[in-house]
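Chain lettering (A, B, C and D) follows the sequence in which the chains are written, and residue indices restart at 1 in each chain.
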């Protein structure tokens, strides 16, 4: 339902007004280019949040720009933090995740008049003329992740998978459903055990949850976590579990080792936006949508999968991208 | 002999020439140590102290925008601190403000989002509701204490964690506080809907010009009222008596369960009000992390101000400045947690010297009981005997 | 101090077991001990006499290493010694029974006895020793009992055993009899006599009770304002002389004499009668009137369930001073707390002028017209960190405030009047009460409590910790209050105070009134028996 | 529905969740028996966790890390002791400030450092570990077995040693103990050192034995649960340990039940320990067991 027709760089223009475009990256014309990043998460989480600033760092360094990164921003404090970035004369304000959406009103204020805005969104953030939105569809990628897990589970004849996450919030509940639906596409009689520890970063508790799941015969585990991901994954390695990453490509990592990389890395989307920004083509008032199977990211990889597995997964992803699968309907049907 | 017996005269020591100057000097020295220690930490970890200080300055007081942020942060700090002044004076040590702030905000949000009345009325009612919620929450600790002898420090602390869980739960339940989904297929986030502009606290000035929120005005008014009441009213007198000598207070007709319980509830009410002010003056929606350490820091403000409302104003400003300044630290590469370290050290810098001076003067007159401080004495209560 | 040289004691040739030379100790500006010389020989009980605050306890604390002296030397058997810690004092063979109990209630007897010693705990050894010492001196006690379950007398035994077990050569007792009944005191002195005669130890007995010193000691040294005023063989002096030395001038028998213990157990009623005639006699009690204060069947239970007051009953008429006499720990403190409104009785009624007071309401007693001078003023009488002014008005804020705000000017007027009336010496009315001397603090309390025209005044140990001048003043004011028609309930442990002030005396024992006597029928003997719980 | 396997799982999980609490609770218990209501235990644990990971990463030895964690806790205890029992700052104020300080410092340091993860070895006792239900007792990270030493040691120290007798005395009547020649504040400082050592060890255990790395604020309120456990246990070691087990068990249930196929509302279960502690305080915390001078400063001459 979320797919929209168009080429692979589809940009839906805001109906409100025509997008303003900037001449170059030095939006405010002060001779320097400064990129400011606000992230709600821990910038050293080895995962989702870190990837965003890591990409930004890499890009700005290559261009010789300055980067201001503020981590662990309290959503309640987002507006202030965004204003503060503007006061530090950044040319681009980038939000690391949609949780910080309350910062957006600052884009309308005079302090931020000379800054461009980049906002990632999987939820519904209202398009305004002052921001560019980068939208992905988490159901699609987690569904595909489930499918990849399903393939591996089938190979090992595993019927039970686990999912450990932090607080029981709508998005984590949704992700669980999508994951389950994906698995069931391959292993129809598979079951999913879901544990909410209450805290994305409490490794102690997350590990206990994982251990309990393992003791109940779970053969695949999705640590849908923040700072606690690695410790759970390392534990999973000792039990030879099928592990998936929550957002980043970590097929190269050896400790911990993941079997599936679920890549919905916000850094990838941001890198693309930065490239446009550098070229002076980043338009405000528009949204860029990222669909699995249509864009290079998001995507899902099986680390060291067999040819058959890879093909199956690729086909599956392509089908989603082509709109042959109604992801939301499938998730609603199989994930319940 | 009694008339002529010489006691070490504390009043003498308190005069600017003696005790006061000594305390001031040690305090300045202690602040210097706190700042230097933090800066040493910065440079030891590869940062530049000069840049860090500059960032703190620019972020907090360099221009009107900075001042706006500072004042905004100082508002809830001051409100929480005022409440802490009340409970500390009464000798009941409330340390659960963090939860009370959050709970106050939650109830205020509920009222603001669910009442269909004219906007201003709703705003006032939601502020009141926040205060009442905070008051009831800390009042529960008072009931546990006076009814079942449960230690106040520990129970307010535990109640605080409980509040955080309750609110985290409430924002995931649509019929309580969770914002409705924008559309059927979108994800509902764990927070409330935004307050409509009509029920927000109005303010003066528009950012980046100097912005003075209605909450700030309210808290300044409350500061003055509270300062007068504590110094001049029967209630303030009785409260002081209760804090300084609960037995004598009881003899003088102060009902500890009532007066102390009331003080505890009031301190919670101020914290709850602070939460409501954060909600309807700054954040506009309930989020599980809305309290954002304002409760803890507000308590520290009261400690530095030695439970005096007027003294809490500059301290709250200082802490507010740290908050607004901290977000500028990021550009220097120094983690903004530096500010938490500095704040903790500063509390010590303010709390240690008077005690140190006291100890030194005790060294001269070995066991002369030192003057009690307005800082919370350990909660003592009259011995209770079963009825 | 020429009369100090009337020392006719035959000196033994050997050096004294313990000798102090020029010991001085100051607490800030307070000189607690001023160049004190003292020699104590083995085989004798040495009395150390002095009024409150004379420095007796401080001197002993110096000996025990609890306080470091500023100047002077301490010698044991002629050899100079240093006493930096209490442990050092123990090693030097000195042991002390403290003025206030130094026992930890939740611990057992044996644990208390071994407290403060170094080394491993040898439970069985200690228990055996306790039984040993107990049987040797006639102080039976169960080593495994918890101290909180023991009576005052038993606790005193524990203290003494604790001290004796360490086999001290010099045994110091600081006002050991203040919590004991007369019989228990007698028992104690026998033990001490035994210790001295049989085992050739030295004992220092501290007291400000003349009778006790006369009865139990061989030598006596009088301290006055920190320095030695007089020393003598006990047999060569008399109470009047000692009293004079203690106070520094002649004392009249009645008021000050009472405070000093001049009226002792063997004072005859005639003497009291004679003494009473020196001062205005208390107005006769009008029989017909309803009592100003009536307590009926008051029961108070402690937290641990112990009965502190047991069907306690008492009436006080307007204009009389009724003394409630008894030994510490028998419920007087509890009664004081009840009358201060700090404790709510489990059952029973308190009526003032015939009207029952709702005891569950805080402040009701005060409203009903009961003024209280509490036993421990620092605990419940005053707020040390508030000003004199605040302390003078704090129980009756209604007088000095409107609905909400205080009327400072009004308060100042009242305070100024009271300060003047009650002769309170303070730099200003804004001085923190902490800075006043004990006597003046007590005057503040009395002034405040009398300023509201109470119909009942409860004075609990009103002269504790006061010096002679202040005591005299207090007595005058209590009498004056009674003369004005106030019903005065004097709660006291001092027989002398009873004799000096009361028109009737009630005796409390184990939380009950065991007898009410007219002062003319009250002999020391009868009171003593009542106090001990026997019918008189 | 629930068979021995499931029970075994929960037992094992309970043990692991209890152990960090139990270490710290032994320390907190001793401090409270000496009269200090030590709320900086959270800071001690967090500092211990950080210290252990930092040192384990630097030396490559998790065991050294464990030791270092204990020492960091000890240092926090030392500071607390000197601030509140030497210069007499209100102990709760000291606790609050120390918690804030340690949280700030560890967050600051972790933001600018990278640590390798290290975990101490598992020690399992062949044979015994296969016993149903209690098997997990014999398959633990080895520092867990330290508890078997520390619990009786703590009991012995408090109830049997000279030092413990002194501590109990100063917790109940510091004035009298002082007259008897005990150095009240010194003893309380010593007790805080012990509390710091064990709380630091508890944090270090969490970081290097259970988790293997450090996250910001990784103790996440466990210190406060420890305080609750001591109250829950009415100031007796046995009760305190039962309290830790109950809280550990509650967490284990919460985390394990979903795996066992039970749907439950986890959000409210997170609050369970706090609720239980509050209830326990209301029901069992009989005043008579509480050390009488708990939380009250001692100054000679003031009663």
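Assume a residue touches a chain if its C-beta (ideal position, glycine included) is under 8 Å from a C-beta of that chain, and two chains touch if they have at least 3 such contacts.
Nothing here was measured: the structure is a model prediction, and the numbers come from that model.
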(Q) Quick check on the contact graph: shortest path length from chain A to chain C, in steps? (A) 2
(Q) For the interfaces B-C and C-D, which has the higher count of C-beta pairs in contact? (A) B-C
Q. Taking each chain's centre as its mean C-alpha position, how far apart are chain B and chain C in Å?
A. 46
Q.
Could you work out how far the Cα centre of chain C sits from that of chain D, in whole Å?
A. 46
Q: Give, as an integer number of Å, the spacing between the C-alpha centres of chain D and chain B.
A: 28
(Q) I'd like the Å distance between the centres of chain A and chain B, where a centre is the mean of that chain's Cα atoms. (A) 38
Q.
Residues touching two or more other chains, restricted to chain A: which are they?
A. 71, 167-168, 198
Q: Give me the residues of chain D that touch two or more other chains.
A: 111, 265, 267, 270, 287
**Q.** Overlap residues in chain C, where contacts from two or more other chains coincide
**A.** 303, 379
(Q) Per the touch rule above, enumerate the chain pairs that touch, sorted by label. (A) A-B, A-D, B-C, B-D, C-D
(Q) Quick check: in the complex, which residue numbers of chain B touch chain D? (A) 41, 45-46, 93, 95, 144, 148-151, 153-155, 157-159, 161-162, 165-166, 168-169, 172, 296, 299-300, 303, 335, 337-341, 343-345, 347-348, 351-352, 355-356, 358-359, 362, 366-370, 375-380
Q | Residues on chain C engaged by chain B in the complex (per definition of touch) | A | 27-30, 53, 67, 225, 300-303, 340-344, 346, 360, 362-363, 366-367, 372, 374, 379-386, 390, 394-395, 397, 401, 404-406, 408, 425, 427, 431-432, 434-440, 466-467, 469-470
(Q) So in the complex, the part of chain A that touches chain D is made up of which residues? (A) 42-44, 71-72, 162, 167-168, 193-199, 201-205, 207-209, 211-213, 215-216, 218, 227-228, 230-231, 234
**Q.** Of all residues in chain B, those that touch chain C in their complex
**A.** 1-3, 5-11, 229, 232-235, 237-238, 240-241, 244-245, 247-256, 364-369, 371-372, 382-387
Q: State the interface residues of chain B toward chain A in the complex, per the touch definition above.
A: 59, 65-66, 69, 72, 168, 172, 178, 181-183, 185-191, 207-208, 278, 282-285, 287, 289-290, 292, 324, 327-328, 330-331, 336
